[in-house]
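Here is the structure we will look at.
Chain naming follows the written order as A, B, C and D, and within any one chain the residues start at number 1.
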Amino acid sequence: MNFSSDNAWGAHPAVLAALTACNDGAVMAYGADAVTARAEAVFRELLQAPQAVLRFVATGTAANALALSQIAPPYGRIYCHEDAHIETSECGAPEFFSAGAKLITLPGDAGKLTPETLAAAIRSGESEGLNGGRNAAVSITNATEWGTVYSVGEVAALAAITHKAGLPLHLDGARFANAVASRGASAAQMSWQVGVDALCFGGTKNGAMAAEAVVFFDPARAEGFDYRRKQSGHVFSKQRFLAAQMLALASDGLWLDLAAQANARAARLAEGVLAAGGSLMVPRQSNAVFARIPVELHRKAQAAGVIYHLWPDPCPGGDDMVALRLVTAWNTPDEDVLRFCALLAQG
Amino acid sequence: MNFSSDNAWGAHPAVLAALTACNDGAVMAYGADAVTARAEAVFRELLQAPQAVLRFVATGTAANALALSQIAPPYGRIYCHEDAHIETSECGAPEFFSAGAKLITLPGDAGKLTPETLAAAIRSGESEGLNGGRNAAVSITNATEWGTVYSVGEVAALAAITHKAGLPLHLDGARFANAVASRGASAAQMSWQVGVDALCFGGTKNGAMAAEAVVFFDPARAEGFDYRRKQSGHVFSKQRFLAAQMLALASDGLWLDLAAQANARAARLAEGVLAAGGSLMVPRQSNAVFARIPVELHRKAQAAGVIYHLWPDPCPGGDDMVALRLVTAWNTPDEDVLRFCALLAQG
Amino acid sequence: MNFSSDNAWGAHPAVLAALTACNDGAVMAYGADAVTARAEAVFRELLQAPQAVLRFVATGTAANALALSQIAPPYGRIYCHEDAHIETSECGAPEFFSAGAKLITLPGDAGKLTPETLAAAIRSGESEGLNGGRNAAVSITNATEWGTVYSVGEVAALAAITHKAGLPLHLDGARFANAVASRGASAAQMSWQVGVDALCFGGTKNGAMAAEAVVFFDPARAEGFDYRRKQSGHVFSKQRFLAAQMLALASDGLWLDLAAQANARAARLAEGVLAAGGSLMVPRQSNAVFARIPVELHRKAQAAGVIYHLWPDPCPGGDDMVALRLVTAWNTPDEDVLRFCALLAQG
Amino acid sequence: MNFSSDNAWGAHPAVLAALTACNDGAVMAYGADAVTARAEAVFRELLQAPQAVLRFVATGTAANALALSQIAPPYGRIYCHEDAHIETSECGAPEFFSAGAKLITLPGDAGKLTPETLAAAIRSGESEGLNGGRNAAVSITNATEWGTVYSVGEVAALAAITHKAGLPLHLDGARFANAVASRGASAAQMSWQVGVDALCFGGTKNGAMAAEAVVFFDPARAEGFDYRRKQSGHVFSKQRFLAAQMLALASDGLWLDLAAQANARAARLAEGVLAAGGSLMVPRQSNAVFARIPVELHRKAQAAGVIYHLWPDPCPGGDDMVALRLVTAWNTPDEDVLRFCALLAQG
């Protein structure tokens, strides 16, 4: 029973099959191959964005940091949630790739920025003069680090504020598929149609081995991006193997099916928590559940070998409770979910 | 008939099989898994270097730039051959990762640094004061960008000069397997036993999909390296998939067999060139052949669909000749080699 | 009546005289001159730190960012107060100079870090693994951005926590002279004797034209620092002109006299505020006063041409009040102080 | 007798007087003062460039590196002469400020780039694809590091090639005044009128204490430049003291007079060398003389306390000769020049 992360799990068989399928023969290296071209085209279709520039890299940190360094200068201010992955979990990658940009972190319930907080922060940044650096970009995560999902309208509202200030909006979509599946909107509706300018579309947590797409909906924003990718060591010589993974996910809606499966497993976990008298720290909207359970129950789960992160740790509001994060993948075994729910129910 | 590069070809079946073999179940992410631990251990054995710190990344540019940024400060001078991959083909990655280090390029026949040239350059650097930056490291490539191979003694001689100046020696081993196979020495004899401090052991060109090992033989040199790797987006969340590739290559001497196969194909190509009255620009010692042939023959080859790079272009010494680089992989078809030789023979 | 900043004022006549005094003749450039050697020696004496490595630069931002990049790697976490100048007012210089380090900002009354908050933050950073980067340094400002002054004991307590975690302590001393003058302790007691490892000793706000000293009390920490200074363009070719300014300040205790004069003027302003029924937002301890006055009084002051910053803006706790920052220099005219106090008194 | 460098000498009395003249009273910090505004305006007039954006910094390395980082991305290729100051004497500042740009160094007689060499190099860079980075800028130095001076026509020819490739032209004018004085053309004719896009106009070697101007003739190129300057610690809080120096130089043609004086002294030195049977390595055109004299004469000069650099060292073409660089300033004493010439004449 491993609920530690969706990236604890392997790749979908279709992804592995795609690697083998494209393995034969010699092709031009560094992305000048047919698989890469096809994968880019398919993703542009999936996003209904024929003009978009789209590139594949292997990690989410690379995707985010490359995208941000493309839209923010070294002296830029990038607004994000205080729990954003780019702030808490990328070891300073945005600062390094951009050669100095600052992340300006903002509070917000359940991992979400609010229009009011964002607007106030942007205004404050505008008054900084040289001292505080220059407003450069806004970054949101969807699904968020708390497993919640911005609605189409919520993204639109943040985008409106961002654009009004003349800034681009970046979306860290490490779990974009889970967000799309959760909201029942299209990928386009969840991104460029409501103002997302740069999208990191996650493949790894969705069922790839190691693959993400960086998307710039306005090609002008991608100017020089290939050089950045190369200079940071993120162009594969056998680039087809990155593309093939993403192509497999895009085929026949696999990406959305896998996300829906992961979300459904999390939904069952959330029900189990509630049924057992536990509580949710935030609403369960994608493939992560943030639950609060008694510490004894936690010890029982540990003893049974259940793996998850305590998050936040310590648990806000009480010594006899623990907060835990449960994350599901498309292939988290149903029986693991059921066993854990049963364990919770036993109290 | 594609002789453009060894990275034009796919992965060895054993590599792909290894991906599938490690796919099942959930493991801890970011390298805290058993496959990664085992692959690191196996490579330390292969290198007879039980103390070494060893990490896997996906690209050669990442491996080199990370290794160099680890051993050179922003104000460092890194000595290398003027045709070194780090100078000509990595889009400024060493400069970017190190935040400013300078590559000081040196001439040398057949892609090799000579002890005299290196010693003189280091001395010159020592006299620079603040103006020129501080001597930081020496980097060599083996097999070189010209397909030649430093002997054990040659590496030892360069290492002696490097160490006498108090500097570490980096070896770009994108084709280290080909070098080892060519010289018939061990990987240890070709690296730390003669003074290599940081080795980038290439897997991709050897038959992996996308995998390289960065090795620091003195663990003290690796201090903080994991953070650099993370900050630059080169830690995979599903790190086992990087490790599994390298593990497959290391098993049963596969890496050396594949390199020997590639080298043998290149040897046949070189014979074909000479038999047809062409000449070699440098001795053929690994899996690359630098040949000079009449321009008519080149046109004929083009017409027949043979793919290779003109290198150098234009060809030194004559308008009616072209210089071409032919690179073989372990799986370059024998019949392609034969057909091309036959084509050359027809004149 | 200009109370906007101590750097709104010019240089002390002794500083200007020192420039002229060292102007004649030719000396070796880039700091290899007698004035520089003497100024470094005098400052080591002033600090009772014969081993210290000491270098002069022209701006406080350069001093801080160079010092921090010397002690923190690109993936480092630097702990500081949320109102620290390095966070709010240096346009991302620490991030740029270090090529990626993160400032981890902490709350604290009156611009001061508390031992408890710092210890908790350091512990939290230690548990980050690769995700959050590595604990690298702690930075405090004395006098603080709120004009308050850490006592010798307070610095010692923060240093103890910092060192216990194996980290170095940086002190942004843009107004170090004011702090020393305020506490009546020696410069040594306020720095290395209680654990400061890297000190930026401000000259500009103290009466120089543009000069600061960066001090590393352990010479080993300064290794390579001269290269950083050069690479960032902060070595003057006519370096004597930087040194001469600092030498003038160090002579006959001028630095301390000037700081005491500035502090005394601020004390009188604070009295004026209180006498007029205004309040202080934090205790007045150096040459800055943070006052709260009715908005009408503010309008009157504006009308009278008094210059200061609204800080913080908006004023916490009430629409009919404004918060203002009043900063004095050694040469803020007494009559300006008196006139402003009189203006306040009129209500 | 010190001919080591023009920056071995102090500042012109008018420069020092200007510091004192602007010292009184309080002004807004960070460049929002009247002296700065006036100095910028005067320099725009001097350059006949009313649209230009012009900023003052304290060092030539800062000026060059800031200008280059403004016009070249991290993955940029910057073409320059192999003896360019930015390559040999700035400790990697261009690489650091740009976060990775590469200097592509080119040969050329007497410190000058030729149109043919530059055009070929740019073409070669264009064919690099991602590997070699992207062509970003061309940088020339005038007067050159060999004391020679590009003519108006020579600059125009290089600018034409640069612009044809869509690149901006940077001019390192640490000794721009000497170049202008040498050619008898105007500053405009030597810069923007023949295609210079970014000019670093040196004040320090011309008689300032520490001041340079960075000029962007097209304001669009200066976009965000103030932030770069701030982030790198090159905005003085008491910015008027930078501006005042430059203003003094610009007044009444002082800059040109001083340069002419320095050039004239060098001319006399060159005559002395030739009269004594020595030879010039390159024509004397500004305030530097590169001479070749017998080693015995060199020893005699050393014994007499004459200070200069051996340059290049060792001297090309003969063990019994030394090459030396003699640099004069506006205030190199006439008698020193005469004494040295006499010393040479004695043989």
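General observations
As a convention for this text, a contact is a pair of C-beta atoms (placed from the backbone, for glycine too) under 8 Å apart; a residue touches a chain by one contact, two chains touch by 3 or more.
To keep track of the chains, here are their UniProt names: A, B, C, D = Low specificity L-threonine aldolase.
Everything quoted here is computed from the prediction, not taken from an experiment.
Counting hops only between chains that touch, chain B reaches chain D in a minimum of 1. Of all chains, D has its CA centroid at the greatest distance from the CA centroid of chain A. Per-chain Cα centroids separate chain A from chain D by 50 Å. With centres defined as mean CA coordinates, chain C is found 41 Å away from chain A. Rounded to a whole number, the gap between the C-alpha centres of chain C and chain D is 34 angstrom.
Residue positions 74-75, 90-93, 96, 99-100, 130-131, 133, 227, 230-231, 235 of chain A are each in touch with at least two other chains.
Residue ranges of chain D in contact with chain B, taken from their complex: 74-76, 88-93, 95-96, 99-103, 130-133. Per the touch definition, chain C reaches chain D in the complex via residues 2, 4-5, 7-11, 16, 19-20, 22-29, 57-63, 65-66, 90-93, 96-97, 99, 204-205, 209-210, 227, 230-238, 241-242, 307, 329, 332. Chain contact summary for the complex, chain D toward chain A: residues 30, 73-75, 99-100, 130-131, 133-134, 224, 226-228, 230-231, 235.
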